[in-house]
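Chains: A, B, C, D and E, in written order; residue numbering restarts at 1 for each.
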Amino acid sequence: MGFTKRPTFRVERDSCRCIDCGVCVRQCANEVHYLDIDTKEVLCDSTNCSNCRRCVELCPTGALAVWGAPQETSGNAAWAVHDIRAIQAQANSGGILLTGMGSDRPMPGYFDRMMLNASQVTNPSIDPLREPMELRTFLGRKPTVLQLDDKGKPVDLPPQLELDVPIMFSAMSFGSISLNAIKSLAAAAESENTYYNTGEGGLHRDLYPFGKNTITQVASGRFGVNIDYLNAGAAIEIKIGQGAKPGIGGHLPGEKVGQGVSETRMIPLGSDAISPAPHHDIYSIEDLTQLIFSLKEATEYTKPISVKIAAVHNVAAIASGIARAGADIIAIDGYRGGTGATPLRIRDHVGIPIELALAAVDSRLRDEGIRQEVSIVVGGSMRHSADVIKAIALGADAVYIATAALISLGCHVCQKCYTGKCNWGIATQNPQLVKRLNPEIGARRAANLLRAWKHELKEMLGGMGINAVESLRGNRLMLRGVGMMDSELRILGIKAAGE
Amino acid sequence: MKRIRIKEEYCIGCRLCEVHCIAAHGKYKNDLIKTFKRDCNRPSPRIVIEEKEDTCFALPCRHCREAFCIRSCLTGSMTRDPETRLVHNEVERCVGCWTCIAACPYGAIVREGRHTKIAAKCDLCGQDPACVKHCPNDAIVYEEVGEDDHYDACNHR
Amino acid sequence: MVTIDARGVYYMHLNKRIRQALKDGALEIILKNVNGQRYIADAIRGNFSFSIEGVPGNDLAAYMDGPHIVVKGNAQDAVANTMNGGTIIIHGDAGDTLGYAMRGGEVFVRGNVGYRVGIHMKEYQEQVPLIVIGGKTGDFLGEYMAGGIIVVLGLPDDMEPVGNYCGTGMHGGVMFIRGNVPDYKLGREVQKTTPTAKEQHYLTGIVSRYENYFGLEEKTVGGMSFTKLAPVGIRPYGNMYVKF
Amino acid sequence: MTHVIIGNSAAAVGAVEGIRQLDKESPVILITEEPHHTYSRPLISYLLSGKVTAEKMNYRPEDFYVKNHITTMFGRKAAAVDINAKAVILEDGGRVTYGTLLIATGSKPVALKLPGIDSESIFPFYTMKDAFALKQFIRDGMKAVVLGAGLTALKAAEALTTSGVETTLVVRSRILRNFLDPGATEKLSLHLSENGLHLAIGSEPVGITGENNGLSVRLTDGRILACDFVVSAVGIEPNKELIEGVQIATEHGILVDQALRTNVPGIYAAGDVAQGLDLLTGCQRVIPLLPVAYAQGEAAGRNMAGGNAVYAGMNMNAISFFGLPLISAGVIHEEPADEVYLQKSQTEKMYRKLVIRQNRVVGYVLVEQIDRAGLLTWLIREKVNITGFKATLIDGSFNHACLPPKLRREKIAL
Amino acid sequence: MLREGDIRIPSGCAISGFINRKGNTVSGEQIIRSIALMHERSNGLGGGFAAYGIYPEFRDYFAFHLFYENHAVREETERYLNKNFNMEMGGPIPTRKTTGIRNLPLIWRYFVKPKLELLYQDEMNTNEFVVERVMEINSSMPGAYVFSSGKNMGAFKGVGYPEDIGEFYRLEEYKGHIWTAHGRFPTNTPGWWGGAHPFTLLDWSIVHNGEISSYDANRRYLEMFGHKCTLQTDTEAITYIFDLLVRKHGLPLDVAVAVVAPPFWNEIDRMPPEKRAIHRAARLVYSSLLINGPFSIVLGSSRGIMALNDRIKLRPLTAAEKGDFLYVASEESAIREICPQPDRVWMPRGGEPVIGLLNDQALQAEEEEGMLHMAVGERTSRS
């Protein structure tokens, strides 16, 4: 077929400002910019532009802009441009549409329709800048009754993760993101006393020193899982599913399996790393118990075991089963969650909103009287601290952030992670691109993000007259819904605004 | 004393350091557009990116403890500041004989511009290096070093 | 040598006792009257040996790295789950998902095994896991297989040695099946060839080890030829997706 | 201990700085027949052409000796050394006793022996005084003949040409043959001609005739060059009169070891007068170059002050004529076993030659594109094994990123 | 309009209480004077009292105080009571006509014991049985509300200023060794008698000044363990928290205090290891029972009283001692009104409980299996 590929984005160069320094040429892995040998001018061809905005950000004179391509006008109210483009792409290739990041469709969300409370007169709001404000959070199974021995000392408590801020970095594997990106998150987690998650890609040797801030993940591919790996972190997470691709396995193409990834995943250089859709030792809930306890046995009951699932229709019952299967933490990933690569239709059409899933799970566990036996961590597009605090009010113990963390490292959400050409050095294994992310800077920025959100959390808590985050946990009276149906309010367990 | 330290592992080869170095030493101080569009005598960058395949890093003058450029200088224009211990070239006395270029093991001394006969080198921009300020990846940092930690490979002979 | 009577002992307590015995310096542990206790030798590393009398429970030797285990009886599901190294000799049958995601070490099963054996088996550098099955296997043998070696002897020679969907999604490693495997039983990612002379020689060694381990007479395993199953390519799904 | 330095040029200044690095206290006496402050001798051609003023000739600032607490004895010529009494005897009869002594008397022009050479219109070109004399003399439109093919002769010829004097350079064999290979000489010759300097190559003067109204220089090839004056710069030789009759070992110059010591304890020599170690050959050789002089002086100074410095010099020269820069270092004339890599442009002046011996760079010549020549000098000086990045040296793309990581890190301390 | 109990109404208040540690009884006249002095702190929409030791002749019986909306409900409730309990005595609580008191419900009192056969049948202890029945009545019998259910104690409350309520219930005719009182300032006018303080369960009673920001977190946790928070009031939740921690989970009172008003983590981190372990464990296990927001409470029980401030002391509390008497109140003046010359007056720190227990002799008379375990000193101080 002889059609010329049309650009999705249009790069615009202001020649009055361009000094032909060539920084853009050197920074674009998509080879959009180039130096014309004859004229010695820097020019560009937008065809492969992914709108990652690296050139825009690094251009020293601000000469560049990237716009949505103006020729895309053929869509209409019934047939959106992206639908038409998808059909064209599939007609060309016969393939499954692959995409990255979380959904870019306007998926209904509830955080924005829940408003927080603030104290007025009948109780005081607290000034978090000057008065103590506690965010310390423990994740892990809590006994129903605090057992004291004869001397009044507490009897052994189950292992806990201790967080200074109820925000953790969600699972992102080495392979899907670069080692420098992981190092950034690990160091930020260390400095802010929280945790990052290895994802299913194993633990690179450089990351072992961050063990006390590491959650190691065991997924269906079992990459890099050995005794050292299981013992390296503070907790182990069994990954069943993720919000961006519930029911779907993972697939790291062989070209991303370089020396470091190969060593870390313990697979041959250049081979595909395929994670099966299910764990093949878990075909039923009692098998989950088996895996949970095999990990507890392996680590001699010293680490909490988390089980991560995607938010799907029956999530409350599933979560109850997971709690009863012996998990210490349940991580639930909502349908707006991100990923490095996922089939587009799965990402955009499978799963349920995290707010409803969380509310349903929290309520269900309370109804069954086992809420204290398991901690709930939610993720899936936690965009800012208000999402975090609303999640906690709905009943979450802590949240996972991933996309927000990557944005703090430089990600511009161009959704091209799966190409391996991330110009920001994040979703790539190309050494020249990887070094673009200085983990010292990355760590600083990710830690800044956590600190900033921490301040905001404290401010919002203070406004509600609460000085310890546990007093907000499941405190749904602090939320009111706007513009929701009764069924939604009921599931969320909140009142309508004005009630 | 503070010196520039380079971090090879984080240099992304964008050459923004060179661009900003040029502007910082040009007559339209720090104005990139005027420097590049209006100054046909714009200075040479005092910092260059060394590049080969996957490796790249910036390399400015090291202000060596045992500086070949000072020893070699025919006019005595290349001197060491007794206070800052920085090596600098007194341009009024430089005649552009280029002996320093022949001597500098780092290739950190350049011919200024296209028409002058003056050797140019890193002067740390008066303690606020433009390259450091504009490096997007902290691959060039400006930090305190001890006299003995001075990055210097010239003191063999 | 330490002998532990496992009759009626809950697995947590049994495994705790095993770990304690190893910490106390035992190199060889005999477990008597085992019946269903899970996780025996789970994540044990070192040059220990276990003799298990009875039927060990699921996840025998999960994550294990080094020990030598002899099971004098049948084993249940998920033996050698994510195992990293060591040897397991099972003097009977074994259940489903034996050797799931196994990265190193060897498992010899005298009799039959269940479904999904060797699923997602891997290899890394000098670690090349080996599963030798004396009898027949269930479906999905070597599914997702990414490395390692599976040998199926199919004894006795009365019916086809493997089940359906053999090697679906296989993208690494190799399987040797004694006797023929009809094409319809193979995943489309697998191709069938004849072992090379070198591989034949290797298989001869495997067969004699098998006979040795289980005290069988030489030539118990007859001369039927092996079929070699290997992945068509290491990128089975490379063209499935269109970048959008 | 009193340190005495005889001389006032690069080696002497180097010695002052070398001594003062280690010894801020001991008395240092500097004896020189020159009546003025230290100046940079290579700049005399710049002085002649008007590119620098006399004030800017200073090799070090005016207060240099004062600041370094040096007792200077300007205009006092050292006539002899009494090694037994450890004293320098001055021409005017004075005596200066020393603890350590540095002889840095430099070199002097080789006197050309030629009929008619004693004419008043024949100028030497070696000292600032010479340059001033010549500068006073010349007028726009004059004609000059410059005798010699070395740096001094060429710089003088360039300065004269620039000053509007029609100049002919008489060269016996080849221009700058100590510094340039024939290929580079060719490029340079072309450039010189293009810039109006006449070259009379392959001939020698056999006599000079005429007086004030004009001179005629007769050449071996029969040509007669009419001119207003002649500049003679046919070479230099170590200025070692001072030690005649003293038991200080000499060959061409004063023999010194790598610590710049002569055979007499306490006596050092540095600069053009010294015949010191050549880094490349390991032999002793006079290397009459300012950087070498300074470095020898500095090392000698450190050793005089009780230090432990060693120095081996090497050929390294940077110069430019009419804006065309040239740099050469090390071995310029290859031996048969050496590998030679040449790059030259047909149309431009660019020329690049690399001499490689046993996987080490031993010499190079660069014309026009001289940037970062110091990297090559470093390779020569450090005798770096270039296996692994040789190709980049050959194609000219060599930079620090081409070095093996370990070596790179050692060098740059990244 | 929704009735109180259907919605949550924040309110401000005055509290007062005292104990005679020897168990000597005094009449209700004193506590009325004390709470009346703080008239300005209430707005006439709620007042109430708890008194301990007032029914010595019925010491072994649970004294149920109930509000009824009408006689039909009363009869239905009495049928339920009779089915579950052996009733020793029942009838209206004596009141007097008082100008400040209007819209009064039926107010009845019963002295009951659980039917033994039901206890055996449900394999329950007596307290558990009583709690379950009280919850049952309060949550599923509209128009009936048990507002007091302990032994040898009783709550007396209603809509009105506390001094009027005291007069209405003729409290000067009762003699008790512990008295607590409450004057209420709710932020709307529901006029429901059940919403007044004290809130009680078994012999727990609580009077409370302040509003709990953590209410829903506390409530949802409590509800996992069978406490139905029917009244949408934080005070009720506090009662249940102590019931859960001390009675059901058997924790010492100081550990319960470490749960509801814990030191900040940075203080805990600085504690010596053993103390740190218990505080850490208490906060970790019962994080949902931290009472956040301003409060001062007086918790009454048959063992004694405990007054407690929230951990950053957002509400006032003063304590005083004179002989065997321990007084606590929102304002010092309320104490001096009835005890002009105390031996000692102090203001406790935030989170530092003031505890007054009956001494052993007095306790012996009050002992009851499975009740309180205030195994702590008279005052615990955490620093």
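FYI, a residue touches a chain if its C-beta (ideal position, glycine included) is under 8 Å from a C-beta of that chain, and two chains touch if they have at least 3 such contacts.
Keep in mind that this is a model prediction, so the values were computed, not measured.
Fewest steps needed to get from subunit B to subunit C, stepping only to touching chains, is 2.
Annotation of subunit D and subunit E: not jointly contacted by any chain, touch as defined at the top. Relative to the centroid of all protein Cα atoms, the closest per-chain Cα centroid is that of A.
Ranked by how far their CA centres sit from the centre of subunit D, the chains are topped by E.
Centre-to-centre separation between subunit A and subunit E, using Cα means, comes to 47 Å. Taking each chain's centre as the mean of its C-alpha atoms, subunit B lies 27 Å from subunit D.
Subunit A and subunit B, compared by their mean Cα positions, are separated by 43 Å. Centroids of subunit A and subunit C (each the mean of its C-alpha atoms) stand 36 Å apart. Shared interface positions of subunit B, i.e. residues touching 2 or more other chains, are given as 7. Touching pairs of chains, sorted by label, consist of A-B, A-C, A-E, B-D. Against subunit C, the residues of subunit A that register as touching in their complex are 85-86, 89-90, 92-99, 220-222, 225-227, 230, 251, 253-254, 262, 266-268, 270-274, 276, 280-281, 290-291, 293-294, 297-300, 343-344, 418-419.
By the touch rule above, subunit A contacts subunit B in their complex via residues 16-17, 19-23, 26-27, 57-58, 60-61, 425, 431-432, 435-438, 440-441. Against subunit B, the residues of subunit D that register as touching in their complex are 13-14, 40, 42-43, 46, 51-52, 56, 58-61, 290-291, 294-295, 298, 310-312, 316-320, 323, 325, 327, 329, 370-375, 377-378, 381-382, 392, 397, 399-402, 405, 408, 410-414.
Within the complex formed with subunit A, the residues of subunit E that make contact are 7-8, 10-12, 187, 210-211, 213-218, 220-221, 223-225, 249-252, 255, 262, 264-266, 274, 277-278, 280-288, 290-294, 311-312, 314. Residues of subunit B that touch subunit A in their complex: 7, 9-16, 19-20, 32-33, 35-37, 54, 134, 136-139.
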